[in-house]
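What follows is a pair of complexes built around chain A, which joins chain B in one and chain C in the other.
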Partner chain A sequence: MLRFILRRFASAVVVLFTISVMVYLIFFATPGVDPAARIAGRSASPAVVEQVRIAFGLNRPLPIRYLLMMDHLFIKRDLTSYVNIGDKVVPQILAAAPVTLSLVLGAVVIWLIVGVLGGLVAAANKGKFIDPLIMFLGIAAVSVPAYWLGEVVNLITQNELHSSVFAWLPAPGWVPLTQSPGEWALHLLFPWLTLAALYAGIYARVLRAELVNALNEDYVRTARAKGLSERRILLRHALRCSLISITSLFGLDVGALVGGAALLTEVVFGLPGVGLLTYNALENLDLPVIMGTVMYGAFFIVLASAVVDVVYALLDPRVRIV
Partner chain B sequence: MSDATLNEPVLSVRDLSVTFATRQGPLRAVDGLSFDVGAKEVLGIVGESGSGKSVAMYSMLGLVRDSNVAITGSVKFEGREILGLSDRELQSVRGGDVGMIFQDPMTAMTPVYKVGWQIVEQIRAHSDMTKAQARSRAIELLGEVGIPDPKTRVDHFPHEFSGGMRQRVVIAMALSCNPKLLIADEPTTALDVTTQAQILDLMSKLQESYGSSIVIITHDMGVIAEVANRVVVMYAGRPAEIGPEIDVVRFPRHPYTWGLLGAVPRVDVKNRRLVTIPGTPVSPLDVPTGCAFGPRCQHKMAICDERPILRGGDGHVDACWLSDEQRVAIRSQATVRGVADE
Partner chain C sequence: MRQLRRNRAAMLALGVIVLIVTACLLAPFYAHVIAHENPFASNITGTIRLNGKTVNVLQANTQGLGYGVTPIGPTWHFSNYFLGADDQGRDVFARLLYGGRSSLYIGASSAVICVAVAAIAGVAAGYFGGAVDWIVSRIFDIIWAFPVYLLAISLSVILETNGINFLFIHIEQGSLTIPILIIASVFIPYVGRPLRGIVLSLKEREFIQAAIGSGASDFHILRKEILPNVAPTIIVFFPLMVAFNMLTESALSFLGIGVQAPQASWGTIINDGLGLLYTRPLVGIMPGLMIVLTAGALNVLGDGFRDAFDPKAKLRGSI
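And then the complex of A and B:
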């Protein structure tokens, strides 16, 4: 098992390296994108551009430039923005990461509880009234775009009702956990619910389908023939086996969200997270920031899929490599 | 065997019918099935695929989970009516007094748990043994069903066993609570022939030491001849012939049983062409009102449009309108033809 874990993480490192090369090539070596011209500014003379090119080492061979970039990004950590000269990339990402992590982890707790309960109740009551009701709520939650739901939530909680029913709710924004845990949670409450709604809907529906399949399996019939309670059959046998496929979905979702996919929720609720940072960098074609945020996002996605594989092996003895 | 019939039956089934409501109309999977299983008796239920033999067994224990099913009749286990009991009430019967062995050992166990864990789970559902006690019992059981090195194997997962070994584990699990009745649903069908023989031997051996009654469901007359004391032959959900194994195998009465027996390959007769029953099994959606086997029967008569009742004597009954004289005549002809063919 340990060898399996080590091998899995070694391959994750290789994947990350490949991603960094590809992203570098896409943003820095694509014809038509001249980093020197972007740094020098819009009305710079060719002489200035050339000076910048030499000063930033952009005239050196491509592999060297890649290594220099990685050196600035990961080792010296002094890579600076091309747009807001002087802004360092790494501290920016490190400041944004806790916002995104807070948002995603809170939402994860809510969506797992709601999604798993919803899926269990629906599967256990298949064919009864509650099953299609939960499935309808699920599809509704999946169909509503996060930015729309977020805006509606803001409209309700921050407008006229803010002086009466929602007087307890602070204005949108971000308060670090270390500053005030209560304020932190209060500021994040509706962002959490908004982000969790979509995923709770997906998970309830996927889990229900998995459970319904599992409940038709031979081993469930065996479990019943063994004289186990329906509750135990559902939780210890059917749910336990359904979790295997839910896990891969879950790992990739969390990886993508921590990596910046919670962008829409961050924008709507004014949370200065990684998604927002990426979005602004893309708008300005701020290449170093893009490079940094993409590597940050890739790191979490690759990490998540490696963790998923390890958890998968723990959950399913059949994929374990001895 | 005569001792067995004197005692009160362990399982007594009367007029069991199982009907599924389908879009094409009611589907009667089991129709008027009645039989008794005595103490320590091995009853074989034989029939083609789709003859309702498995459904009949599953319906007795509430293992048919279709909401469109209607089950009528009476099933008494040790004198207690068990048909229509709730899942909760059936829990002590399932796995405790009645053990079950399933057709496909590959899928019969939850893949994510060690086999020992699964046996312990069943033992602890029916007794107040501690985990350690249940575990040593599990090891003991695995040894009894012939799994080598049970102390190590108890911590292996189902996928680490071969098919035959897995079926042994399933048998160990079924026996874990000393059941009075063991229901085996085609326990050898998914196994290769040598493994089949081993599993049947094992079942006979364990039946002697545990003293359980067994209902064995199969489509293989060879299995019946090997282990059963008594036989129920089913066709299209109805009993066609019921009787002691020796009588049914040596002196079958129903034309369908003749066909089934003819379909067993024999090693003692050279180059014998296997007899097949002409036609295909009737669709359970439109079983004839008369004799269900009528459309495929070579000896069909006018009266066969009326449904025959089980009749006969000496505990050997069948549902056929042929008179004893007619049967003797047909059988002697068949023998003559069989000899002429060779």
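And then the complex of A and C:
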């Protein structure tokens, strides 16, 4: 088992290295693009462009340039924005990370509860009225653009109804957990629900499909032959096995969300997380910040997929041999 | 096929898709013949005739301090600013139709490219194995490990502002081809990996072994034995990929790195509507509804395809 874990994490390091090279090439070695001019911003003077060229070592060979960049990003952590002059990239990302984590973790709890319940209820009532209803909601959830749903939520909660039904709801924004846990949760309530709605739909759909498959398996027939109740078969036998494949989906989704997929939700609700940081950088084409957030996101996703594989191997010993 | 035709939900979805595509294809007809206007030029000082009265498209604010202007709301007159105007005084309904053209075009053509490349790469990797498999699988691994949105964002940031000038390939900045290529390439492993797996298991089956044993050429086996067996999966993937790609396009456009002005797509119109959310909510709401409707119909159709052609297909539920 230990060997499996070590090998899995070694390959994660290789993947991270490859991604960092790819990101670097996309940003700094795209044919026909002068990276110095791009980093310096839209209306930079030739002197500033030259300054950037030297600061990033852009007059040196490609591998050295790459190493210099990684040094700025991970070791010295002094990568600087040239659009908002003097802003250090890494501290900005570290300051924004708790916001993104709060958003994702709250949403995770909601979507797991709703998604697993939805999938269970749909599979248990296969063919009855409630099954297609849940699946319809699932399809709707998969088809909704997250940022648009957030806008609709804002429109409902912050417009005319805000003076009556939603008077208890503060304006969109962010309050740190350490400052006031109640306000923190209140500010995050609708962002959580919005983000969770999409994933709850996906999980309900996936879990239902897995459960329906599992209910046709031999071990379920054995359980039925033993005379176990349908409820026990569903919860103790079929669900357990189906949750294994949900685990891998879940890990990757959480990784992707923390890594930046929650970007659109953060933008719509004005939460100053890593996503909003990326969004603002995109508006100004602030390349060092974008590169920093992309590397940060890739780190979480690669980490998540490694953790998922290890958990998967713990749950299902057959995987370990590979 | 008969099973698909009996699936009422899938047929309804197909009807919705046909309806939306037709409406969007008629966009120039609507703009030029019915409404007589250019939905891409701003019309800040324009006026329209409404119930026999002349009305400004952008009206001075009467509430609060009276500064600024509010675009005209929905007139519900089909020939004239049916859904009102955006902050440039442009007809939202006409732009909705034009935007749909871009969104559908990008969604469909990137899905075609994505599925075609993924099918060729996945089948080749699975069938030939060895070095081909190793290279293709490693490329899939890298793209797979890369967060979809972040990869698309990185590529878009660089390419959208410069266009593509690489060897003999020249694509103007702002061309719809750029988001199409970006979206197509980020999703290739999502289709290619399952196809590779299917071909790998097909190769072990007796009928392929028999074909190899009887000395059939690779090309013959691929065309006559493998292709018919992976075609159902490819068909099932297609509508789902169109839906995925449309959603990705709208997100990129919303972030300002997808479709570029003066072109419009449903994503850019939602972005236009952001500033008008509390005064003219329909500007932002309608394109979103269109996306939900189209993507939802495509997903239902994809489910119908799966039940009809390839009931065992395992598809990832999300992007």
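Following the convention adopted for this analysis, the second predicted complex is superposed on the first by the 300 of 322 C-alpha atoms of A that agree within 3 Å, B and C clash if a C-alpha of one lies under 4 Å from a C-alpha of the other, contacts with A are read in each partner's own complex, and residues count from 1 in each chain.
Here is the rule we go by: a residue touches a chain if its C-beta (ideal position, glycine included) is under 8 Å from a C-beta of that chain, and two chains touch if they have at least 3 such contacts.
Quantities reported herein were computed from a predicted structural model and do not represent experimental measurements.
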item: Of chain B and chain C, the chain that contacts the larger number of chain A residues; value: C
item: Partner chain in contact with A:Asp253 - chain B first, chain C second, else both or neither; value: second
item: Which of chain B and chain C A:Arg224 touches, first, second, both or neither; value: first
item: Set of chain A residues, in rising order, touched by both chain B and chain C; value: none
item: Complex interface listing, chain C residues touching chain A; value: 141-142, 145-150, 153-155, 157-159, 161-162, 164-166, 243, 247, 250-251, 254-257, 267, 270, 273-274, 277-278, 281, 284-285, 288, 291-292, 294-296, 298-300, 303, 316-318
item: Touching residues (chain side chain A, partner chain B) in the complex; value: 127, 215, 217-219, 221-230, 237, 240-241, 244, 315-318
item: Chain A-touching residues of chain B, taken from the complex the two chains share; value: 58, 61, 63, 65, 67, 87-88, 90-96, 99-100, 102, 104, 107-112, 121-122, 125-126, 157, 159, 170, 173
item: For the chain A and chain C complex, residues of the former touching the latter; value: 15, 18-19, 22-23, 26-27, 30-33, 38, 139-140, 142-149, 151-152, 154-155, 158-159, 198-199, 202-203, 205-206, 249, 253, 256, 259-261, 263-264, 267, 278-279, 282-283, 285, 287, 290-291, 293-294, 297-298, 301-302, 305
